[in-house]
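Across the two complexes that follow, chain A remains constant while its partner is chain B and subsequently chain C.
Let's turn to the complex of A and B:
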């Protein structure tokens, strides 16, 4: 584990991206960009019914809007996700549809529209191999789609179990196990029975499992996939753990257990949470601030504990709806807000003010 | 002596109790009749609704199955399997056992499988039901 204890950090604003004309809901860094000479690409989606694609200029290092994906969704675009190959972008909208966009040399066209949800689609997620897509929404259901050749999508299963609006779906980074979190205060874990297309809820993490007591807004996994972090309207962040060897051996029933709760750090709803590859948890909240947490070495006697590493007040002028670490550049972060802007940040060591070589 | 006094006042002492019992018996008899009538109305309505919904799915499954027989490549193996599962559920639905506890699970499974098929076939089919919620109150059973 990295030791961040002796360092002072600060969050430096690199660029403010303006263009959306309504609140920005969600962000997605395109995989395998920002490295090996491929310019970094970021997608953002908004209440203005559009998705914007931002690309970093190799010459100046600054981001510019490369494409606006419009005239497809007729209402708010709530969530966006790149397929692992980066060839497809899935976007979930309040218009009850999920659109699939193909990037052909920088030109985006909508190649498929997934219909089925009764109303607002709230979140979309690709599995690690890019063979499955999950969506969820206000109709309390979670849908799993299989990606077929020629941009065809086949519905595999419709999962019912949540008793309220499902806020987010997220695949485990290493196995085909699906996680969903909801306005019903719970996180549900879904797994397939063998190879049967029969998906079931194998675990529900709720108040009786030391879970959240209000809406669970988001969840994220650490790099190895043995820990999960969730954030909630109950003003806490919770860390969950699982026997990863048992899970990777194909046992979808390997249970997740509560490890610890981070409370007292937030006084408004926490909307977004993201775990970086090097172990820094970042949160975005309704108090316009962005916070950073790491595992603390001090608490090992009583099990792992986490401490606040840094807090950026007034990161945005309004609610921070999404925070997303770059998948290739360790200390680069993007955030999206109700103020209509997207910001690119560098999380740097204040001592020496240079990027750490890790 | 004590017994004689009790006998003398017994009917008066038990006046309240006997009226209570009389009222209860009367209410029970009336309630039995109106309760049965109401139960029959509700049973008729929900039985009709369940039957109507099952009939709708039966019709869809039969049409899809015929289409598969005419052209086996009409749909993917996954959808074909789901249609067969719906067929199975419809065959095994305990139509004449409304108190069988599996009915609601089976109806839920039918509804979900119907959604899966419609989504993949890109069908805009929807079971709206009869009577529609907006009709309720205007239709006599």
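Let's turn to the complex of A and C:
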């Protein structure tokens, strides 16, 4: 594994995608695209109530807007997520619904609408196998939906526990354990009771567990799923770890513990965080900057530590709301901003550049 | 520019009620940061969040869009200071609130009223 800390990196802008007429809240790379002949595809969602699908042209390498999904959501679209197969796109909206879209021969159509939340839905996430969907919102609840044949969805659980607005839900990459983070400053872990198929909260990571002291906006897992990173309005990023073997053996009660807190790097709210498959953590913040962190190989006795690898000031003209690494191109990143644009970036190392020049 | 915002509970302008005085706006032009502190007329003023929303909307057009605006109630001036400040500075909550037609109308009435 490459020691990133020894390299000099820079973030180069590949393209700026314009089209949305309001802030862009979130984006999602379509799985299994951008490799093996399938052109890269990205979905973005906005305060303009639409979702835009962007596709990279194999000939020119530039992205163009392939589709605008409109006239469905009646309010801000806050979050979007592709199913693991890429066949479906789920979009969560302030209009209290979650729409499911299917690409039918180049045309996207809304094949299902999930209702139930009392008000704004803020996040949607598919589990690793695509058999379950989770949503959350300002009504403080987390909903789990089962994916049935013929684009049918059935709610299997409504999870109460958070005492405030739930900002994001994210399934663990390797097992059906659900994580949520909230305006109540905590992260909650939800698992199914082996026998009864009842979902319940198995752990709460709050201030008393070295957790955040203000709204937790997002979380992300490393490739192996034994670590999680969270970001917050408290201006810190926290790394958490668990006993992965225990968790993968089906023990939903395997506890998560605090490993490290990265403070002093951000001076405004951190809205988004994403851990790349190679281990680079990327953050998007309200100071318009994008930052990159990696585990430091300094071998401290107290356990792993993390260092800032690179900071891109003025990555956007306004707040960065979302950052996401491509699932297929290891150094490709997309970001979304209040400035109404999506940007595609390459995170290039000095040695990488030298190779290209040869 | 913030002087003529009308406090929803009272027909007078905010400045006339001494709710807001110019000294409570701090602008850091270099960093592009604005801090507004305002004092609601009563300690338990339930309209504190609406007043905060009005201030934010009013100022949106007066500064370059990359300026960051923080709004807080003046320390000690409200019983639920922390809770009000947290709501007023959560931009997702602000955005959702302003999409609520009733609240939107209230905010607009406050902004554009030129009574008195």
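We adopt the following convention: the second predicted complex is superposed on the first by the 348 of 358 C-alpha atoms of A that agree within 3 Å, B and C clash if a C-alpha of one lies under 4 Å from a C-alpha of the other, contacts with A are read in each partner's own complex, and residues count from 1 in each chain.
The rule we apply is simple: a residue touches a chain if its C-beta (ideal position, glycine included) is under 8 Å from a C-beta of that chain, and two chains touch if they have at least 3 such contacts.
This is a predicted model, so every value here is computed, not measured.
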Chain B and chain C placed together on chain A: clash or fit? fit
Check: Between chain B (first) and chain C (second), which, if any, makes contact with A:76: first, second, both or neither?
Finding: second
Item checked: Which superposed partner A:143 touches (first chain B, second chain C, both, neither) -> first
* Taking the superposition as given, does A:197 touch the first partner, chain B, the second, chain C, both, or neither? -> first
Query = Taking the superposition as given, does A:288 touch the first partner, chain B, the second, chain C, both, or neither?
reply = second
**Prompt:** Is A:157 in contact with chain B, with chain C, with both, or with neither (first, second, both, neither)?
**Reply:** first
Review point. Looking at the overlay, what does A:115 touch: chain B (first), chain C (second), both, or neither?
Key: first
Max touched-residue count on chain A (chain B vs chain C) belongs to chain C
_Contact-wise, after the overlay, does A:317 reach chain B, chain C, both or neither (first, second, both, neither)?_
second
Between chain B and chain C, as viewed from the CA centre of chain A after superposition, lies an angle in degrees, nearest 10, of 60
The superposition places the nearest Cα atoms of chain B and chain C at a distance, in Å, of 17
Shared chain A footprint, chain B vs chain C, residue numbers none
Residue set of chain A touching chain B in the complex reads 114-116, 143, 146, 154-158, 160, 197
Chain C residues touching chain A in their complex are 65-66, 68, 86, 90-93, 95-96, 99
Touching chain C in the complex, chain A uses residues 23, 47, 75-76, 78, 94, 119-120, 122, 138, 165, 167, 183, 214-215, 233, 268, 286-288, 317-319, 339
In the complex, chain B touches chain A at residues 76, 78-79, 81-82, 108, 112, 115-120, 122
